[in-house]
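Consider the two complexes below, in which chain A is the common component and chain B and chain C are the respective partners.
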Partner chain A sequence: MMAQATKEKSSYRAAFDAMQAEDARCLPAWLLRLRETAMERFEQVGFPTTDVEDWKYTNTGAITKGAFAPVEAGARVELGAADVAAFLAPEASSRLVFVNGVYRAELSATENLPEGVVVADFATAFAGEHESILRAYLARPSDPEVDGFNALNAAFLREGALVYLPRGAQVSAPIQLLFLSAPATQTAAVFPRVLVVAERESAATIIESYASTDESRSFTNAVVEVFVGENARVTHYKVQRESEAAFHIAKTNAELERSGVYDLTTITLGAQLSRHGIGVKLAHEGAECWVDGLYLVGTGQHADTHSLIDHSSPHCTSHQLYKGILDGKSRAVFNGKVFVHKDAQKTDAQQSNKNLLLSNEARIDTKPQLEIYADDVKCAHGATVGQLEEEELFYLVSRGLHTDLARNLLTYGFAEELVEKIKIESIKRQLDEAILNRLHARLEV
Partner chain B sequence: MSSIELLTNKEYKYGFVTDIESDMIPRGLSEETIRLISEKKNEPEFMLDFRLKAYRNWLKMEEPQRWPNITYPKVDYQDIIYYSAPKQKPTLASMDEVDPELIKTFEKLGIPLTEQKQLANVAVDAVFDSVSVATTYKEKLKKHGVIFCSFSEAVHEYPELIKKYLGTVVPTNDNYFAALNSAVFTDGSFVFIPKGVRCPMELSTYFRINNSESGQFERTLIIAEENSHVSYLEGCTAPKFDKNQLHAAVVELVALDDAEIKYSTVQNWYAGDEEGKGGIYNFVTKRGACRGRNSKISWTQVETGSAITWKYPSCILQGDNSIGEFYSVALTNHAQQADTGTKMIHIGKNTRSNIVSKGISAGKSNNSYRGLVKVLAGAEGARNYTQCDSLLIGDKCGANTFPYIEVSNNTAKVEHEATTSRISEEQLFYLRQRGISQEDAVSLIINGFCKDVFRELPMEFAVEAQRLLGMKLEGSVG
Partner chain C sequence: MLEIRDLHARVEGKDILRGVSLTVKRGEVHAIMGPNGSGKSTLAKVLAGHPSYEVTSGEVLFDGKNLLELEPDERARGGVFLAFQYPVEIPGVSNAQFLRLAYNEKRKHLGEEELDPLEFKDLLKERAQIVEMDAGLMSRSVNEGFSGGEKKRNEILQMAVLEPKLAVLDETDSGLDIDALRIVSEGVNKLRHADNAIVLVTHYQRLLNYIVPDYVHVLYKGRIVRSGGKELALALEEKGYDWIKDEAEESQPSAASA
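Here is the complex of A and B:
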């Protein structure tokens, strides 16, 4: 096992060295240095194991041993506009499409944007006038405690999406960032990176979607960073519906300036093993965030959500609602921490995690945590694990509904609170379908 | 602020030292020490084997310093005296033979041991440093078939029971401090309630540390046979010393079919001074096994003392329909640290557990609730309800909640709720405008906050606990 892990690490090293050599001329030196540091960090810590408290319930052995290889530059998958259409959100007027981590200009659309707003892939941005923005945000000193996955993402930082909103820019139509996994010659490891910078008083909606074109295996290791300026507002949807053979590791970090608003909704439907880490920093007065999500998993799936909402300034508000529906032999993990620092008086933090177990083989491990060092605060969290209410079922059945249909209806009702929150019709519809499809499948059995 | 501060800084009134001649062994820990303790207590072979096995396990284990939310300098286990007993005759025929100095000490602590003054309806086992000095109402209890005696006595009188149950709930290799305790424990209480007996009075143990160099390692074993019932209370105090002292106890409860054990603790070890100098490290393993059908174990704790508290009274709900309960008030002030909570392991069908935890942090203390609710695949219809509330007084303290919920059965229902806030301005204002003084108002609100736990305590204890809470907080509210 140990030998296996070492071999895996060195295969990443080989790919890394090849990439560094290849990019030596075309990419800025600071980026090459940053990648080298990250690679060293990765080699030092490796992939996290279940001995680490944060990874106690999620075994990443399958990724460590998975023989995934970083995609080589120029590796191209034949995919046309028609193949991608099904994954596009029609509401979005601008989009960036990546296939196996490689940017596809011909499938993307970056017109229709207000003056000064940038939606560009990293290669374009590095070459153009926006290099300074990338440099300012990407080259910031990184967290020394960063885990192996995040370090590996930084080591392979090459392709990615930049969304830049200048002061006061209002983008009314959503911006979609689509990351597609398609079958390739090798089982690909993909390292998407997204950087969203919203300057003061700007506003936009971002849809970050992950999907697979078929049922093949893949490994996605994404890092998304969102900077919300003073009085700016970023609405962020993350929809993950990769194939049920896929591995999906993602980290979303957000930092909010004074009175900034960040509204994140995550939908987790796919992947055999998914892990979403969320870190929101409320470091300036009056900032407010929503961190909501729904995970819906069936047999063979494992979905893990780890969030940290960090209140370090007074008068900030955070809301968190996560709901889980677990069917078949599935497993889910929720770990949500709200940390209130000493000076963060008048903090209002609410957190709730509710889980519905539909099968007797499903397993949930939930751990909502509060760490509070300020006294004038209002903090509450709750967690529940349960099944459908017998009384409610009985009521519906007594009205003549078939038991299975009644169950479906109630399950749908459980999720509705979150579905209703979604303002984008196509995501809502997808979610409706995902819930109902799963339920139909149950019905037919 | 000022008037309240004056109030809080009341002295710890149990901080006196009894001047008594003690029989001590040299400090340090080795197999020799363990053999010496065993020899001093004239123990049968099986006890020595038990101790040595535990000691060998302990040597291989690591002190849990990483995961709990507490910090303290490493304990030097070679600098502790593992056996210290007041010098006296080996066997006591009656209470009259107990050293009057000891009787006086306990009287001062509010635990009269002499016949005339004994507390009505509470039998007390008094433990002084390493040994039990007296047990009251023994004869009366014997008539009902109830065994209540010191652990050392039980080892000699009822070796079969000890052999059968000791270490079955908390094995010698359970954790670092439990292993240490199993190796060196010196005394404690033993309770056996036979089939069908409802214990006629409350049983109680009072622990007192007197020697500044010794640690206290006591062991309590309570067995409730089929259809029996017992309520057990535990209290503790220690003198004020500048040095930290280690208290590593193990409590094991066994409840068979339809039996019920109610275990209440009011913990008031010396907490150290305002700067956190001195005080007791309270590293305790308490666990109850609901082995039988319909059995019930209920833990109630009021934790106000100790420099550091590390304890998780737990229930293993093995029998079908068994019930586990945990009611806790943990108060930390000044530099105290507490990482406490419970574990409810649901194994049997239709098992139920209820957790109510109230944490109050003041001064620059740190108070954490850490709890585990685990529902195994076979625990059909398991049910848990958890409520953890924290109250913060002042802006230099911390309140944390770390609940672990692991569910592998879809018929289980688990609910967890937690809130953190400070004393509500509105409530305070309401009471103040009715002419109630600031301190009384705060005390009223805090007692209300803890009501759900206090009402689980036996009468005398509830009054004591309320008073204690008021006293501990005096001066910290402004």
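Here is the complex of A and C:
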């Protein structure tokens, strides 16, 4: 076990050293140093094991043993516009496309943006006037508790997406950040990184998409950071539909300034093993967040959501609704913590996790947690696990609906609250096609 | 249209129906009355094919075909409809969505084109008038937060949309105030015609003032112990069920001891 882990670490080290040498002349020194520190952190902690409380239900041994290797710079997969069309959100008028972590300018579109708004890949940004923004946010002292996955992401920080909204900028059309996994000569490990900085009174919608072009294995280890300025509003969709052989580890961190609004909706459809860590910091008065999601998994899939909503300032509001639909021999984990510090009076925090098990072989481990140190707050949390109700099924079939359709309709009904929240039609449609057997079209009234 | 022969059924291991025989012809309205626990609702559920109810012997023919070997959804598409005593709430699915889906399933079964949303909207609007159903209830989740009266009206609306050959109304009058009872009954009367048949399951005679049956049957301890015309219901109203019970115990001592 130990020997295996060491070997794994050293294989990342070899790729890391090669990358550092290659980038020594073209990337800023602060970045090289940041990566070296992160690599050291990774070598120190390694990948988390199930001995760690936070990873108790999610065994990442397959990633450790998976012989994944970081994609070499310049490794290109032949993919044209036609190949990626199916993964694009037509609502978006600007987009950055990455294939196995490598930015593809010819597949991307960054025109049509309001004055001062930046949607750029890191390489372009490092070389240009926005280097200072990247430096200001990426080179901040990192969390000393950062786990092995996040450390490894920082160690391989090279390509990524920067979205910068200057004060007052309003971007009406969504901005899509698409991370595609495509078959490579090696089993690819990719390290997407996203930085969203919304200055005060700005607003935008980000669609962060992960998909695979085929059923091959891949390892995505992503870190996304969102900074929401005073009175700014960021609406964020994360849609993960990688192949059912893929491993997807992601972390989303958001920090909100005074009266900032952050609205996150996550859709988890793909991957053999996925883990999404979410951290939202409400450290300034009047900030408000939604942290909602839907995970739909079937046989052979494992989806884990770990979130921490941290209320450290008064008068902040958080809403969290996660729903899970588990079919076949699947497994999901929900661990949501809402932490209310002593000074965070008048906090309003609502958290709910609801699960629908469509099979007797599906398993969910859910743990909503409230930790409150303030005395004048409004907080509620809860979790439910249920199956389709026999009486509801009978009611539907007694009106002539085939059993499969009746089951689908009840499943749809369970998810409806979240489906309706989604304002992007193409995401709604993906959900519909993936899971609900195109029921949505038949439900049009 | 419907022929029930010596039907025995049980639920949770308990025998409830102990030999029901009943013939319902096209254009007829039959009322099944009886004291609580006599098996009225069981009969309704068995006809609709509820999986918790097990038929132990006997047969049911619907249009000459063995109804009991059909799945509940096949029975429904074939023209059997049960108005539930306790309509079920379906969160997240709107009434209009559900009705269109059910209606189109039936159209497909009949080899007809499905109605698109606009066409269906017109049809729904017209049918909703039959039970004076408020348009606002169409966009709400099925039965969710509906009052008792609204739920029962919704059942009759479904009947109006699906146009069954045989409608079994299980205690449709229970929990209704006098106005709602009138609306529901008038709705049923508008849907009553020479080609369909209605079986009313009810505890009280009250409903039969509004929907006048051709035949009244009294179910007691799982058997039909007396049949007659609408005057039988009036006699029950006046004298209660005790005289029927006494009569039944005398003529069938075995049922009494069971």
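Assume the second predicted complex is superposed on the first by the 436 of 445 C-alpha atoms of A that agree within 3 Å, B and C clash if a C-alpha of one lies under 4 Å from a C-alpha of the other, contacts with A are read in each partner's own complex, and residues count from 1 in each chain.
By our rule, a residue touches a chain if its C-beta (ideal position, glycine included) is under 8 Å from a C-beta of that chain, and two chains touch if they have at least 3 such contacts.
It should be emphasised that the depicted structure is a prediction, and the values quoted were computed from it without experimental measurement.
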| item | value |
| --- | --- |
| Which of chain B and chain C A:K342 touches, first, second, both or neither | first |
| Which of chain B and chain C A:N360 touches, first, second, both or neither | first |
| Which of chain B and chain C A:L152 touches, first, second, both or neither | neither |
| First, second, both or neither for A:L409, with chain B first and chain C second | second |
| Contacts of A:T384 with chain B and chain C, given as first, second, both or neither | first |
| Which superposed partner A:I325 touches (first chain B, second chain C, both, neither) | neither |
| Touching residues (chain side chain B, partner chain A) in the complex | 67, 375, 377, 390, 392-422 |
| Chain A contact footprint on chain C (complex, rising order) | 48-52, 71-73, 75-77, 81-82, 84, 87-94, 96-98, 100-102, 104-106, 109, 117, 120-121, 138-139, 141, 158, 162 |
| Residue ranges of chain A touching chain B (in the complex, touch as defined) | 53, 342-343, 345, 355, 357-387 |
| Chain C contact footprint on chain A (complex, rising order) | 389-392, 394-403, 405-406, 409-410, 412-417, 442-445 |
